[in-house]
Structures are given as structure tokens and as C-alpha cells.
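See the structures that follow.
There are two complexes below, and they share chain A, which is joined by chain B in the first and by chain C in the second.
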Partner chain A sequence: MMLRASLLALCAALPAAADEIWVSNEKDDTISVIDVETLEVVRTIDVGERPRGITFSKDYSVLYVCASDDDSVQVIDPETGRVLHDLPSGEDPEQFVLAPDDRHLYIANEDDAITTVVDTESRTVVAQIDVGIEPEGMAISPDGKVAITTSETTNMAHWIDTESQKLFANTLVDSRPRHAEFVKEGSEMWVSSEIGGTITVFDAATQAEKSKIDFEVQGVHPDRVQPVGFEFTAGDTHAFVALGPSNHVAVVNAETYEVEDYILVGRRVWHMDFNRDRSLLFTTNGVSGDVTVIDVAKREAIKTIKVGRFPWGAAFRPTN
Partner chain B sequence: MRCTIAAATAALFLSLPAAAEVTVSVHYLAVERELPPTLSNLDPRPERLGLDGAAVALDDNATTGRFMGQTYTLSETVVPLGDDVVEAARAALAETPLLVVDGPTEALLAIADLPEADGALIFNATEGDVALRGDACRANVLHTIPSTAMRTDALAQFLVKKRWDDLPLIAGAHPQDMAYASALERSLTKFGLSVGDRKDWVFDADMRRNASQEVPLFTQDLGDYDALLVADELGDFGRYILYNTWEARPIAGSEGLSAVTWAPVVEQWGAVQLQNRFEEAAGREMAPEDYGAWAAVRAIGEAVTRTNSADPAVLRDFLLSDGFELAGFKGRPLTFRAWNGQLRQPIPLVHPRALVALAPLEGFLHQRTELDTLGIDEPESTCTAFN
Partner chain C sequence: MTGALTALFAIIAREALRFVHQRERFVAALVRPLVWLLVFAAGFRAALGLSITPPYQTYITYETYIVPGLLGMILLFNGMQSSLSLVYDREMGSMKVLLTAPLPRWWLLFAKLLGSTAISILQAYVFLAVAAVFGIRLLAVGYVAMLPALVLAGLMLGALGLALSSFIKQLENFAGVMNFVIFPMFFLSSALYPLWKMAESSRLLHDICAFNPFTHAVELIRFAAYGDFNGMALLWTLLALAVFGALAVWGYDPARGMTRAR
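Moving on, here comes the complex of A and B:
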């Protein structure tokens, strides 16, 4: 009893100590949970086959996991790590985005050229939308009115009107678009093109191309500089962009669209997430099987954390 | 045999405002080749080898086309052995200037040199003959299948990396085996190695019964060496060499560790998606010929998407320009060599169970792109049709 009481007291004294970064390990069928204070893996959770996209509900009460080879989205209790139930997801779910209503998941079905919309409460599919070949990147506008699917082989961003669940625009981007995000309160929409080696910035209101960002890593052939995941610092002032097999993360000024820095990380970096105050960034490095921790202010890699095989997605979880 | 297998509909989906309606017809012309019998029947040649790859690419193109107001069709002709290739090609060219050809060198040249083919755009989807990228190159022929030299260069890089430099060769007697053996010799020389003792495969016994007795003796006089090279491009005897050599050594070339255009074991770089799509459509695993045909039809699709044109001259200019890049599931963009129309591409080094390495290997440098360490580079090219 004494021990328990003192532990409780310790936890109460250090409320932020247990914030976590959850990382899906594509080829281990697990999730590694990293403590953002100690920067160590504190838990490993078994999930379905080939976990890729992961995201928490708005109140962090459940975790959604794309279990690609199980053809389902798993709903997991983050406290216990147990699977609560599966959601119907369509075939081969790869990535998804949770709508601002905290209820609808927009899921890219990679093998089926379909975007599936699932109601997480009724656990039913409410719409399926035909998109291009190999849909992957998913985004939704802050007002929830527009969803985006990017298709890797069709090389487009598909703009979905979430009220009618129909496409209202299709915009070409460079080869193999992987990730999409609405930024600056939804006024811009960014899409990374892995093989094209660029990020295209769209004006969200007109779907017109506003800018294109190129990357150049010293000593790495341009073919191997392959932008995939990206996330924004507080206020959307800067984007951190994972550059795949070039093993670097780029820091892009989101106002001038110029690259300000390149940070060396682990091998084949794909996705990332920040801690609570966005002072630390955690990147998933597939080939080296680890996570690089970046000090955002210093723009330096400060630690490497071994996780499972082929880490793919990352998601932040506050614990209080 | 002629049929039309797919057409996309454009009207169902919203297209880009500026896109005009474009219809793109591609004809796939397969010229049957004489195939000598092989010792084993384990690997029958799929009936729609190559064609299935073109069909999957057409679906890929058609999906993009739905959003762009572009419609794609694929028709096909198979010319049986002994039938008139030229006549079939004339009929195909009367239908469309965009041809994908699965045929031997003579057939390709006969087609490319037809007056009707002047201004056409022909893709060599399956023939690795180095001559087609050299003296016998044609301005209207692009190659989506790697040349044999690209494959043997890939293997040579691996041998250099492993520091395996004592390399005897067993070669079959078919012209394809000879060509592969010559390409191997050229590649080894290029990378500072050389072929050691060479033995020709002369047995005509059925190796399924007695390989374990004959191959040890056959390889005994090779003495010590690092790896044994095998030139057996038709898959005749090579499979019986493995584990039967006098000395326990790795096998490379047509058998064992092979440098290939594509293989079912390629799963990185998103390749598993293409493999899945192909297997679902064709009911079998994707072979190199399928990849060559897939890349040809996808290259056409990519060029049409970016230029919004089906004019072969416009497409050719774009394909050979810096603007073109194909996401070919090999980890980097694929582009065409401006000096001979060869599609640059990484070459997987595989065994039947896994990818061993992807060439170009690290450390093999080139001033333009490391991909040009594979195959005929610009300074050594004898092709003049692209000048």
C-alpha cells in the first residue's frame, strides 16, 4: 500500500512525464509506445497484420489502426492496449484521417482504388468513393467540408465534398503522391510526391497550384530525395518533411516555401509526429527500424530509439 | 487472333477543366518465337506473358483517364510462328501509331522499318538484344525492357562488391545463351573482372534423373573458384547445377543469383501493390516480360496525362525529355536515355525466395545518374538514330 501510494504521488507530481508517441511497426504487427520524457520504449502492443496509418480520437480515448493485411481498422484502448473491436474499412486500408466531427474516418483502400468513409459510432460504411489507383495520402479541411485522397499511380489529389461524398476536383501532382495536409486554417493544401521529389502547395479555395517545393540534399542524387510525410510547427510557420531514402528531414519555411535546413535522421524516413509543445519531433525510419528524435528549436537529431521492424506511422498521445 | 479488351469511360467523372477529350489507342503485337524444349516442365510459359502486363497498365491509365477526359483502348494481335509479321504490323499501324511489341530483333526491325511505321512510336517490351540499343537502334523504337547488358552489368557490380573474381562459366548452346555469355564477358571486363574457365553444356541426357551424378564430374576440373556463372537463358539445364557442383560454391547468372527486370520477390518501393494488382488480374505472378509491357503502356499513359495529346511525335518528345518520369516501383523515377531510347531502371538481383540487392549498387558512381552505370552509356553508344 505504501509503495502504491508513493507511486501515485510521483505520478501526480510529474503530470507530463508519461506523454507518449505511438509508432506502428509495419513488419512486426506491433505498436511501440515511446515515453517522450525518458525517450524509451515503455510498451509494445500486438495489433493486426501490417499496421500502417494510426491516429487517436480527439479525446485520445481510442486509437485507430489501419491493419492493412487484415483488411480492417482496429479500435484499441490505449490504456490496456487491447483491441476493442474492428471497423469495416474496405480492402487494404493504408492511411486515414479522422474528420473534425470525431466520428467519420476517411480511409484510403490502397488495393481497391477506393476511399471508404466509415462511421465509427454505428460501425458502418457510409460511403465509398472511386478514386485513382493506389490511394494513400488522406487529409480533411479544418471545417470538415473537404476531404483529400492522393493516388500514387494516378498521380492526383482528389477533392471530396464531404456533404455529397462526391469528387468535385482532381488535380495532377508529380509522381507518387504520398501525403496530404490542410494548413494555415485550411487555406492551403500540401501534397508530397515521393518519386517526383516535390511538394505541391494548392490554394484550397480554388484548387489552383500556388507553389512547388523542391529539395536538394548535398551528396544525395535527386532521384533518392523522396518526400513522404510532413508535419507543421506551431502556427504552421515551418514544415518538417521526411525525405525517405535520402535519410534526411527538410525544414521548409511555410511562408516563403524555401527549404531552410536538412537534418540527418535514420534510414528511409517516412512519417512523424510532435510532442505536446512541438519542441520534439519523432520520425519513423523504416529501414533502420528506429525513431529519430529531433530538437525542433535547434533543428538537430538528439536521439535514436530502437522500435520494431519497419516503423511506419507515428501519433502523439497526451496522458492527462 | 484480334480482340479489344478494355476501354475507359470518361463521362462518369468530373475532369480537369482544361482537359480536352483524348482517345489513346495502343496495339499490342506479340510475335511468337520458336522455343526449344527444356529438360524440366516445371515452368510452363504463361499464355498471356507480356500481354497481361499491358492489360494491367491499361487499367492504371484508364483510371487516370477517367479524371482527365482521356480514354484508352488496347487491342492485340498474336502472330503465330511462320505467319507474316509485316502484314500483321501493317494492319496494327493502320489502326494506331502506338505499338507495343513482344518479338525478336528481326521482327522488331522489320516492323520499325515499314514505311507505315515512319512517325509511329514502337515500344520494345521484351527483347534484351544489345544490338537494338546500338547499331540496330531505330528512332521510332523505345525499349522498356532492360538490355541484356544492363542485367549483366548489375550482376558484375555484385561480383565486384563481393570480391568474387575467379569466375568460371558454363554456357548453353542456344543463341540466347551465347548472347548472354557474351554480355557477361563484356560486363565483367567493364568492371575489371574476367571470365575464367569456360565450359559448354553438351549433355543431352535428362538431368532430372542423373544430374547428381553428372554435374559433379562436369565441374570437377574447374578446380577452386569463387562463384560459378551459368548462361542458360531458356531455363534448360541451369537448375540442375545448383548443389551438384564438385566444389560447394554459389551459382550466378541465368540461375542462382540472377539479375532480372522484375521478379515476384520484389516487394519494396510499393512494388507489392503492383504485384497484387497483377496477380488479381492475371491469376499468376508477374514476369519480366509483363513488366516490360506494363512499363510501355504506363509510359504512354504518363506522357498522355502530362501532354494531353495522343500524337506520337508529341509523346516521343515528352518521353525523351527531362519532364518525363515513371514511377516504376523500383525505388526511383525511371527515365529514357536520350541517345538510344532505353528506359533507365534499377535491376533487382534475386534468388527465388528474396531480393538480394538492387543495382546500381552503392559505390558505383556516374556523373549523370548511377543508373547509367548499367548498360550502354552515351560515350560508348553506337546508336546514331537518336542524334
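Moving on, here comes the complex of A and C:
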């Protein structure tokens, strides 16, 4: 008891470690850990080949990383940075999503045109679902009943019933869909199309197209405006959309579907994540090899931090 | 002492009066940098963003980059224009009245310098306000931190103008000053392109730019605009101010300078 009390006192006396943003560096086979207070890289962790998709378990006790060229999903202890074990993932896993049950990973296997469902506890493949060619974007509804895979070449969003692990709908989107996300408590599903240069908004209940969002960055050729990753502010009021080689992030009003702002960031902006209260956004800029920090309220880039080569994904980790 | 202060205020008041009466000059002083900002920079509107060099923390558009350079341009043009007025004064004969004042020559020149710098800074802030209307804004702290940098840069460029005016005998020669002083100073500096960009095309060009006192005046303003401080730029600007100031005092010295011949 005494020991516990003194340990607690010691913990209280130590400065609380700040929250972190973990960034996967596709070409360096590393993860850069950014301190959200000092906005500096505090740790670099070696992982498998070509890390791309990156996400934490719900309690942040483990990190899942798609090691695409190792054909596995690695499970990493965030405290030590050590790889605990690999999960079977099918070939070339690029993106994945963790189901709300905190147990099942839905993984897009880019080269095999399948979506693999992996049980992270038993470490086994539960199901493999045939989808379109080059699946990439993955999303799951908040109730865990519907999973989405987007296929880059077939240009479709595939709707998967997670109970039967079967497709129940396929909806066409614009060219090369990259990322999907359920929003507004699962009532809407958004898909970004990289080549098409649009985001398609679906009514999740009917799978009907509700709206389409176009982007236009002043002074940038339309071909270079390529929406990829996107994330929503608190309350799902606005979406921040990475526009790839246009080097801008768009701010979209999620009610009116109008673009309200464009923010200059690094080169080929790809994915992003917020800090705890969603006041700061961290975007991964692949070609320039850095992460830009955006003040969400002011809609301004405040700092750009050098990370490894070709940062791809970002994931927030609270430390207390 | 009161006489010295009277002279100081009189010279500054004359400078201000001249400025107020020349509305075209004010408009021209404002339009010139605005054309650069809204037309020239728009053409270069770097969708790519410039690579990050201090004092910048993240990628910036070209418009944001050239603002300190254009502030420098305002100070440079105003410094020259003010010296042009001295040449005019000399031709018209009103300079005799000024120079026969029973005060040290350097004090009269300093008063003149102070007056022209005050006008320059007024123009600089009006330009910043107009730029802000067009959406090109700085940090709030930058607008305040910039003031001492603008004062120093203004004094340095004004002193250059004074030094030059002591060597120019006729109004017509001022066109030569434009060609051989203002343009090279402006273009061979970090006002329009960062120095590393210059180094990419030519090492010599980079060295010339790095030597140019105007570059250091611009960098001093640039760092101040971000609440930052550039010691090297401060040193160079102070050194240039001392050299140009000494040249001006020498040039206007009736015993030794260029005015002797008249």
C-alpha cells in the first residue's frame, strides 16, 4: 500500500507526458512519434516493410500497422515500440479499419481484390470477401453492422454485411476511390475519389448518392487536385480533406457540402489525424517528407515537422 | 538646444507637408508594391509553397513571402524620393536657407532623415492594411515587432538616399539613380526570391545578394514580422547605416564634400 502510494506520488510529480501522433513512413520502414505539445519528433520506431495503414486498439494498448511489403499486419506495443506479433492479413495490406468490437480488423488487400477479416485475439482469418480490383479504402459503421471497401480500379464502394460477411450492395463512385468514412452517427458514408477529384456522399440507409463535392484550388491544375484522406471535426460539422499533389487541405462544411477554405500544407498530402480535443490537425505530406500542423479553429497551418521519407498515415495516441 | 529641436520639427513638418500635398506620390507609393503583390505574385502563386527556411515554420504562399520585400521596396523608393527633393531644393535655392541654419550640418541631415523615415513607415503600414484586406495577414505580434526593424531599415535606406543626393548635381540625373541603384538593389536581394534559390542558379548572384544591404534590411523586417530576430541582418543594416550616414555628412560638408564646388 505504501509502495503504491509513493508510486502514485512519484507519477504525479513527474511532468505528464504529452499526447502523441504516430506517423507511418512508407519508404523508411519506420514510425515517427510526434509530441503534440512541443510539435517535435520524440521517437522513431523501426517496423516492417512499407508501413501504411496505422491504427490503435480502442484502449490504445496496441498499435496495428499494415506492413504492406511484408504481407502482414504488425501488432506493436506503443510503450516499448517492440513488435509483439504479426497478424495474418492476406497479400499487400494497405488500409484497414478496426471494428467497434475492438477485435476484428477489416483489411483491404490491394493485389488480391479481396477484403480480409482478421480476429486479432485468435490471430486467424475469419473471412475473405471478394471485392473489386485494387481495394483500398476501408470503413465500418459505428454499430459495426456494415463495412465498406472501395476498389481503386473498379471505381466502386462495396457494402459488406458484417454478420454474413457478404456484399449486399455496390455503388459506383468517381475514378480511383481512396478513402471511406461513416459520419453523423453512421447515417452518411463519404468516399473520396482521387482521380475523379470528388467526394461522394451516400445515405447509409438506402446507399443512394446524396451529394457530390468538387474541389478547385486557385492556381492549381484540376488534375492535381486529388482528394485522398479526410477526417471530421468535433460534432462532424466540417471535414478536412487532403488534396494530394495540390498540396492543400480543403475544409468542407458537412451540412451544406460546400468547400469553405483551402489550407496550404506540404507536398502530396495524404492522410491526417487530430489531437485529443480536435483543435489541431496533423497531415502527412508524402513527397516533402513532413507533417503539417493545422490550427483547426483558425484554419491555418502553424508548423511543419520533418519526419521520415514518404509519411503515409497518422494516428493519435493519448498518454494519460 | 531649443533651436535644434525647432529645426528638427520644422524639417519633419516640411517633409510631412510635402507628402500631404503630393497625393499622387502617396498613391504611387502604395500602388507600386500592391501591383507586385496582387499581379506579379499572383502569377507565381506557388501552389507548391516555398521550401521552409527560417523564420517560417511551415509552407507559405509566394504572396506571403514577398510582403517584407515589398515593405523594403516602399522604404527604398521613399528614401530615394526624399533625396530627390534635396536635389530639387538645391536647384531651386531653398537648400541654402536650410544649410545656413546655425546648427551642425549632421543634425540637419538627421532631421531630414527622420522625417523621410516617418513618412516611409506610414506608407508601410498603410500597405500592410491594404494587404490584410486582400487576405495576406501576419501574426498580430509581427505588426508591432516590425516597427523597430522598419525604422532601422528606413533610416539606412534614407541615409543612402542622402549620400547619393550629395553627389547628384541635377534633377535629370535622378533617372540614372533609378537604373543604377534602386533596381539592382531591389532585384539583387532576397526581396523576391529566397537566397537559396539564387544560389541554385549562380553562386556569384547569391554572394552579391548576400552582400547587398537591402537584403539584410528585408531579412530584418521578415524575421521581425514573425516575432523573430536576425542578429546578422541587424549588424549589416547598422553597418550600412553608419557608412551611408558618414558618406552623407561628408558629402554635405561645405569644406570637403561635393557641395564645395558650388
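Rule of thumb we're sticking to: the second predicted complex is superposed on the first by the 303 of 320 C-alpha atoms of A that agree within 3 Å, B and C clash if a C-alpha of one lies under 4 Å from a C-alpha of the other, contacts with A are read in each partner's own complex, and residues count from 1 in each chain.
By definition in this document, a contact is a pair of C-beta atoms (placed from the backbone, for glycine too) under 8 Å apart; a residue touches a chain by one contact, two chains touch by 3 or more.
Source: prediction; values computed, not measured.
Undergrad: Who does A:Ser175 touch here: chain B (first), chain C (second), both, or neither?
TA: The answer is first: A:Ser175 touches chain B but not chain C.
Undergrad: Counting only touches as set out at the top, which of chain B and chain C does A:Glu134 meet: first, second, both, neither?
TA: In the superposition, A:Glu134 touches chain B alone.
Undergrad: So, A:Asn247: does it touch chain B (first), chain C (second), both, or neither?
TA: After superposition on chain A, A:Asn247 lies in contact with chain C alone.
Undergrad: State whether A:Val291 touches chain B only (first), chain C only (second), both chains, or neither.
TA: Touch status of A:Val291: no partner.
Undergrad: Give the label of whichever partner, chain B or chain C, reaches more residues of chain A.
TA: Of the two chains, more chain A residues are contacted by B.
Undergrad: Pick one for A:Val259: touches chain B only (first), chain C only (second), both, or neither.
TA: Neither partner.
Undergrad: Looking at A:Met156 after the superposition, I want to know if it touches chain B, chain C, both of them or none. Which is it: first, second, both, neither?
TA: first
Undergrad: After overlaying the two complexes on chain A, where does the chain B footprint on chain A coincide with the chain C footprint?
TA: 224
Undergrad: Name, in rising order, each residue of chain A that touches chain B in their complex.
TA: Residues 92, 110-111, 113, 130, 132-134, 151-156, 158, 167-172, 174-176, 194-197, 221, 223-224, 226, 245 of chain A touch chain B in their complex.
Undergrad: Spell out the residues on chain A that touch chain C in their complex, using ranges where they run on.
TA: 217-220, 224, 246-248, 264-267, 288, 292-293, 301-304
Undergrad: In the complex of these two chains, what residues of chain C are touching chain A?
TA: Those residues of chain C that touch chain A are 42, 45-49, 52, 57-61.
Undergrad: Looking at the complex, which residues from chain B come into contact with chain A?
TA: The touching residues are 13-16, 59-60, 63-64, 66-68, 270, 273, 276-277, 280, 302, 305-306, 325-327, 331-333, 369-371.
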